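Both complexes below contain chain A, partnered by chain B and then by chain C.
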Partner chain A sequence: MSKKHLENADMETAMSRVDGRVKVMGAAKYTAEVQLPELTYGVLVESTIGQGVITALDTKKAEWAPGVIAVISHLNTPGVPEYKLQNQDVIQKQLRVFDSPNIYYNGQPIAVVVADTFERARYAASLVKVTYAKQQSYSNLEDNLSKAVVPKKAKSDPKGFTTDFLRGKAEAFRDAEFQVNEEYIQPSEAHHPMEPHSIIATWEAADKLTLVDKTQGSQQTAASIAKSFQLPPENVKVLSTYVGGAFGSALRVWPHEIVAILAAKKVQKPVKLVLHRNQMSYMVGYRPYTLQKVAIGASKDGKIVGLSHASYGKTSMYEEFTENVLIMSRMMYDIPNVDTKYRIVPLNVSTPAPMRGPGEATGSFALECAMDELSYKLNMDPIALRLANYASQDPDKKMPWSSNYLKECYELGAEKIGWNKRKAQPDANQEGEWKIGYGVATGTFGAFRGGASAKATFKPDGTLLLQSAIADIGPGTATSMTAIAAKNLGLAPEKISFQLGNSTFPKAPMQGGSNTVATVGSAIVATCDNLKVELAKRAAVQKPEWKNAIAKNIKIVGTQLINSDDASSKVEIASLFSQDNLAELVVKGDAAPGEESKKYSFYSFSVHFIEAHVHELTGVVKIKNAVSVIDCGTVVSPKTARSQSMGGIVGGIGMALMEEVVLDDRTGRTVTASFGDYHVPVQADIPQMDMMFVNERDPYLNPMGSKGLGEIVIIGVAPAVANAVYNATGKRVRDLPITPDKLI
Partner chain B sequence: MNNFQYKRVSSPAAAIAELSKDPAAKLVAGGTNLIDLMKYGVMAPDKLVDVNHLSFDAIKKEERSLYIGATVRNAVAAGNADVLKYQPLLSQAMLAGASAQLRNKATMGGNLLQRTRCGYFYDISAPCNKRVPGSGCAALEGYNRMHAIFGASSSCIAVNPSDMNVALTALDATILVSGPKGDRKIPVSEFHRLPGTHPELDTTLDRKEIITGLVIPDNNFAAHTTYLKVRDRISYAFALISVAVAIDLDGTAIRDIRLAMGGVAHKPWRLTEAEQLLKGKQATVENFKMAAELAMKGAKAYEHNAFKLKLAPNTMIQALKTASGVKA
Partner chain C sequence: MIENNTREKEEKELSGNSRRDFLKKSSVITAIALTPVAAVKASDLKLDEKLSDAIEQMPLSIEINGQQHNLKVEPRTTLLDLLRERLKLTGTKKGCDQGQCGACTVHIDGVRALSCLQLAVMNDGAKITTIEGLSDGDKLHPMQEAFIKHDGFQCGYCTPGQIMSAVACIHEGHANSETEIREFMSGNICRCGAYANIVNAIKEVKEGGAI
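What follows is the complex of A and B.
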């Protein structure tokens, strides 16, 4: 039997990123690089207190500074029409930009300076003088746990993961012979994509707006802005051709986008606003600081009797942010008694945002470390423990999995990392000054699919243009869509181009939650099928046997169309155009999920293995080896899939070892805002990595057989690192990041 | 960033004249520190005097010392054959600093004068006695994980962030300066200051003086040097603790030794007492431990940096082990 799973070497030779060349050459223009005639530049003035009221705003010096066109604040804002409407959504309440002198967090935008150059705007922004009536701000979670509340969302979505949940008996862990009962802390983490958030706002007319904007959803941004400014939806156009990473930070409209639009309205010219790197840690969301309490009880054979999991996360004073921290505890293992509790604490901080593997990355850190702790108490191999509690169906939804190859993941990964070299005893494996340890952890994320459409324009020369409004924030969407179309049609990938990131293109969801391939890929398949049927109709004019041809059997071979591999059916593609004097053929396709989610539970899975070396005296951690094994169904674009997984490991190492947004709780100000203080992994931190894919088809989610990938590549990496560090040193660090000071 | 003038000078005298004439003028070399600080609004010179074209770009082996000009790039010095042969510790320390790109720009003079990385010094909304004398110290009761454990004062607990300076301190370098009153030599140990009540002054260099170069006396350390830097990631981060060790080893006997620490004080921290203890002793882990304990005498931690009280001696022991080749 030939092996189906993919390893590094299988993927290196696969199709390369279709836009790799323009990106590497710098020819791909990102938002901040776009130049427009008459462009002006906006720079934000931020609050420097965490809570209070602006009592005076002296903008004179700034207004007189060279090149300055306007200084806009709550005193002279043209206003956001939506703010005047009564029916504000009580759960998602955006910060109201320049709407009042109130300060809710340190770093809140309170004014914008618009000038003829960026440098002049920045200098003038430093001249704005703000006077405050200051109040005490509260930003520390532990100190304010008494303010924890049940999210409002729990009421509107009682089946969701924010509602208190009980299966079987509460706190059943207490009855078990072996128990783990610990607290875990995930500090705030900033997304810090390479490209800072930027926007160019242009009012084409009093009711017509064009935005060049960094976003994960051009259409969703357009709709949100149209609502805020009470514009006809079709009058707001959003372009986001290239996005240099986002990780969830561009899934919604943020205050700086509203500011740029207000500023453009005021100065009647296009305004470009680019965030400073430091602002990236509090202006566009972050993975929220979360305290978790996890208790597990098991019997001697490793069977888990009860699991209790509580989560307390930060949110802002004006808006409720929740995420699925507790999902894994409900569905990952076959546990009869589970109770979960989700709380949020409103503080003087900006609103968090989903960050890669939202919720689950945080939840899996606690759950998978607790599982590891349990394995040592039981004196049981951590993989064996997980297998002993393997859920053969979803214990939460009580439905069969659509597909679940976790067992294959454990097996392939254990073999690859050399799990047999792991010592069952912690702190028992040393080479010279370095303590050696191995760790494993599991990840999962729902496999979703939504509705989408696509448009194809096919030319006599056999070139195909595909269009969808979807964003590409880095995974290589144009590449995977090209691969899907090429496979469906039999067309060479070089003949296909895929355009995206434009709100006027056919409908697509936001790029987030790992559903792009499933959702847009399905629309591409539908569109390609429609194209083939359309071509067959035209071929039937030449050869009647084409009349009943079905899409599945039709292929393009070179310059010809062929049915059911029957050579006699061949027709020249160009002739199908010339016979009707056609310059091009335009077809559309729509796709939406069916009833499958009523029958199956859809999740992607991942298992991560880490070999960590820890210095005995300095506590320095070197990751020596990382293996991720992924069950994301059929891999549609192996090389970009491999890159996704690579990025997930890197992000997970950052999360485990160094990333932390620290606030000074006296002021609520971020003290690790700069890239000098907020560490992300550098090349030297990154080990040999093996990215492996089970590559077994999911029969139910979509025609490609794929499941989601973008999140599971990071979910579970951090606990695998923490578990490896424990195995090396016998030191259990339950508050990330695991910096050297915590290991000496 | 404020508006400023830019002036390129072609003689040290012209540079000194500019500084004497204009109290708000600043020299600029690689610009990797000064321009950053200007962007943050921490420094606002009204004139930048460019020293990159002065002829201080030579490295010369002299009879009993090594000379390195003020405008020599850190990358050039770190890879120079004479530096590697006579003062490898300096090369090791410089290569532990910043990134390849930054080292290509950074100069010896600029590195000597790079300013602290204390977050409150950089955040102009925070009180900071170093930035605005008399405004207070936000770090004292703030987030002070990176801060000093030696020689701090109630007005400032910032640390000197340089790696190069730690090696220069261990190696007894002398800084060559030139000013309106002529030339003078400053031993590196007297070049950087402790904060006391004037943390706004990082060094003893006069505002009107320029650095022209530095010299390092010859020594017998080249075979046994180590610069060990512990940081939050493997590369491209400032030191939590760094230790420079240079040993003149006779078999297993320590004939002579130099020790300095970074990440612990407002200036590179020379460990003279530990040197005295080890001089003439055997290179054993036992002795290293004793020296490390002695080195920590007088250390004082703040809320977030207590780990340095342990990390510093541990790092010192490891650096000594590596430099001497002694394992147990």
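What follows is the complex of A and C.
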């Protein structure tokens, strides 16, 4: 392992989370914990049928219950102005809240009870009586495949991954000597961040709204709400200072947020609405149930001749949801003939949402399992098979990679997990009652960068405040941004504070799609550079040689400003303020991507190795060892990067072994709404884990040399587990999760 | 459709701040044998709120983080909601509200418990410790320090519950091996997946002998 590569992180010396103290003290205020005067509580009433029409809604008892201020439904909603501007016939929008008596899915919000305490609102919600004209609902994908449609996005974005695609010859796998042709099922998965989705809505004036809201994008939520309620954009303020996880569930405005705003309008007081855990399964999206058909054909030497990949995913009756399930099949391997087909099936379910590694995690499960199956048919090592089809440039965009260290990833990980202990034949390695197997799979996700701004406020005592609207759902954004600023300026991290999660702060993207460090980090670099140039300008008043100083050579060391080009020219920071009687210095910085994406193809890569032990009698799977090797460019914050990667393995283990949203297709009702029924990994499920980072700079994406991390750490984990289970048992499970009943 | 005229009339009756109107209409009238006229009068005098105090709420004497509270609470109020909504001690988190996630873990008389599964009134005379009471003023508890050092969290929402459980895990004598820690910490879900770091934090505190 070269010196540059990072293995795990030195916990003694690596920088700890800057918000660690408030979090371990319980002092960090998440959405539902913000205190406001005259706060009222909203509790949702939801539909109990999958499709139909409300014929009567009896709210009398609820209204007369103690403490109840209002019951709001389609009968008395103040209304969402945007709905009137929409074409009522075209159902391609988010669910129109309380807009009609129509029911599109089981669990749809149909009323809200507002009371002076949570207990009173909850009780009164149970008193609302609903009568329906019930219709048959349809929620099973396989039963309704005939309703599959090409998404509208395929037409509006013909170069996207939902459009039917052909490179070379269609179904070329049929000509090959060795073939795999199988179906794979990814069931629906719920994000279930530990903090339930919450909002506190307050109308400050008839046209002015403040929201404390769980969101991955304060500015995007503000813009969306301003549009819905036809308010001047600057009159909607959104705060999301602390977000207790999201994994994609808070990337858009959901019906419960609209409900809270409508309720606050009705009662003219702040309304707090917190979803119950069980509502988190269907109120805020989910990874959609997806059926995939993958066929690969290869010659004897392992060279893949053709790949065909089709995907059928669930969506709601009122809105199309699409994701990049097929991207990896187009770009991961050097295959001359590739055809892909993407379809969605509108059903009586709520709209899905991107969930960590959206699409790609689903697609990689099918592709990387199929690759594994092919390796056994060829009697070839799975790593050798992947290397035989390694793409030295992006075969989809036909452009060079900005950086690609996949070969290093395979090599480092194989050594770490002890790949040489793997038996080439399945079901050939046993210790006592446990069958042992090893699996590998690859992950990839586009490395993106958007535009962002930041603001710096620098004080004579050398403290620096940085601000950005970006959210932090857990990766440690304030920490990585502080690290970037500290490195750029030379300033001690303790001198820097980073404020985020406020729509009035400088422009930032949503925290999603692994682009925060690349995007906001670049704005921080630009802002810090501007600050240094500004300081140099002021220093030139005292010492003219500062006129020629360039940002990269300027550093703040202790109380002094230093120019590494000219050591004698140092000046006291405080004097730069006192010379002009300044109390503080405020500078801004903007950063945006350039033309680089026209020249290079940007992707992050990961390779995951799993050692699984399967009990021969009970079929219980224990993951013993997990190794992730990650090519995410330069690692900006080693401690938090390692934690984020471990979280990816944990999420991947859940996906592989236990997570499944089950619907009762007779009613469309979610059966597995609670943690008692929807299992997520707990302490006892967790293996020994090793995180390895190639830590080689990407030269083109951003000034830090980084690429995205948050998605690639989960993409590929589930197929690595499935492949390890096959190696252990000889049983190929193609429908997740791999529960014991499928192995005995 | 419900007849709009009736609804409007009812809404008028219910409008404003007459949220205690229930006395006029609910079965409480019969329960306390007031005539309707007397009930309306009682409502106007806000006697209904006082009445509510008497019939809907129970006295509760409870010590939280060393501070004595003498309260009146509804019997249906959970300890968790009492802490979060009434006493503004929001360090204790609500993750599932049904005893499945561990985010609301507190110590009751030194023993870890899920505060969402406790009615507040069940704890009359009890001593409760929440995350806010764990540190010694500004000086963090060793477990809190270890969580920071080992990065035992990401989003931080499950963290107070994890820390309260971790401290109890050691006190119970259930932190003697990694396997044992994992078993006895499995009631606390961390969706960000900081589990391995949490184990390392607990191991360090246990080995350090500070608690």
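The definition used in the following text is that the second predicted complex is superposed on the first by the 729 of 744 C-alpha atoms of A that agree within 3 Å, B and C clash if a C-alpha of one lies under 4 Å from a C-alpha of the other, contacts with A are read in each partner's own complex, and residues count from 1 in each chain.
By definition in this document, a contact is a pair of C-beta atoms (placed from the backbone, for glycine too) under 8 Å apart; a residue touches a chain by one contact, two chains touch by 3 or more.
Given the structure is predicted, the values throughout are model-derived calculations rather than measurements.
**Q** Applying the document's definition of touch, where does A:37 land relative to chain B and chain C: first, second, both, or neither?
**A** Neither partner.
**Q** If you tally the residues of chain A touched by each partner, is the higher count for chain B or for chain C?
**A** Touching more of chain A: C.
**Q** Examine A:475 and indicate which partner it touches, taking first as chain B and second as chain C; both and neither are also allowed.
**A** The answer is second: A:475 touches chain C but not chain B.
**Q** Let me test your reading of the model: by the given contact rule, A:666 touches which partner, first (chain B), second (chain C), both or neither?
**A** Touch status of A:666: first partner only.
**Q** Mind working out whether A:681 is in touch with chain B, chain C, both or neither, as first, second, both or neither?
**A** So A:681 meets both chain B and chain C here.
**Q** Based on the superposed arrangement, let me know which partner A:739 touches: chain B (first), chain C (second), both, or neither?
**A** first
**Q** For A:544, using the defined touch cut-off, is the partner it touches chain B, chain C, both, or neither? Pick first, second, both or neither.
**A** Touch status of A:544: no partner.
**Q** Does the superposition put A:658 against chain B (first), chain C (second), both, or neither?
**A** In the superposition, A:658 touches chain B alone.
**Q** Considering only the touch criterion stated at the top, classify A:618 as touching first (chain B), second (chain C), both, or neither.
**A** first
**Q** In the overlay, answer first, second, both or neither for which of chain B and chain C A:232 touches.
**A** neither
**Q** Just which bits of chain A does chain B share with chain C as contact spots?
**A** Dual-contact residues (chain A): 119, 123, 674, 676, 681-684.
**Q** Where on chain A does chain C make contact in their complex?
**A** Answer in residue numbers: 11-12, 16-17, 19-21, 23-30, 32-33, 35, 56-58, 60, 63-69, 75-76, 115-119, 123, 192-196, 242-245, 247, 274, 276-277, 473-476, 639-640, 642-644, 646-651, 674-676, 680-684, 686, 689.
**Q** Which bits of chain C are touching chain A when the two form their complex?
**A** Listed in rising order, the residues of chain C that touch chain A are 1-2, 7, 10-11, 14, 19-22, 25-26, 52, 56, 74, 76-77, 81, 84-85, 88-98, 100-101, 103, 130-132, 135, 140, 144, 147-151, 153-160, 163, 181-183, 185-200.
**Q** In the complex formed with chain A, which residues of chain B make contact?
**A** Of all residues in chain B, those touching chain A are 1-3, 41, 117, 119-120, 122-123, 125-126, 138, 141-143, 145, 228, 230-238, 240, 307-308, 310-311, 314-315, 317-318, 321, 327.
**Q** Which residues of chain A touch chain B in their complex?
**A** It is residues 48, 119, 122-123, 126, 432-433, 615, 617-620, 622, 657-658, 662, 664, 666-667, 669, 671-672, 674, 676-677, 679, 681-685, 737, 739-742, 744 of chain A that touch chain B.
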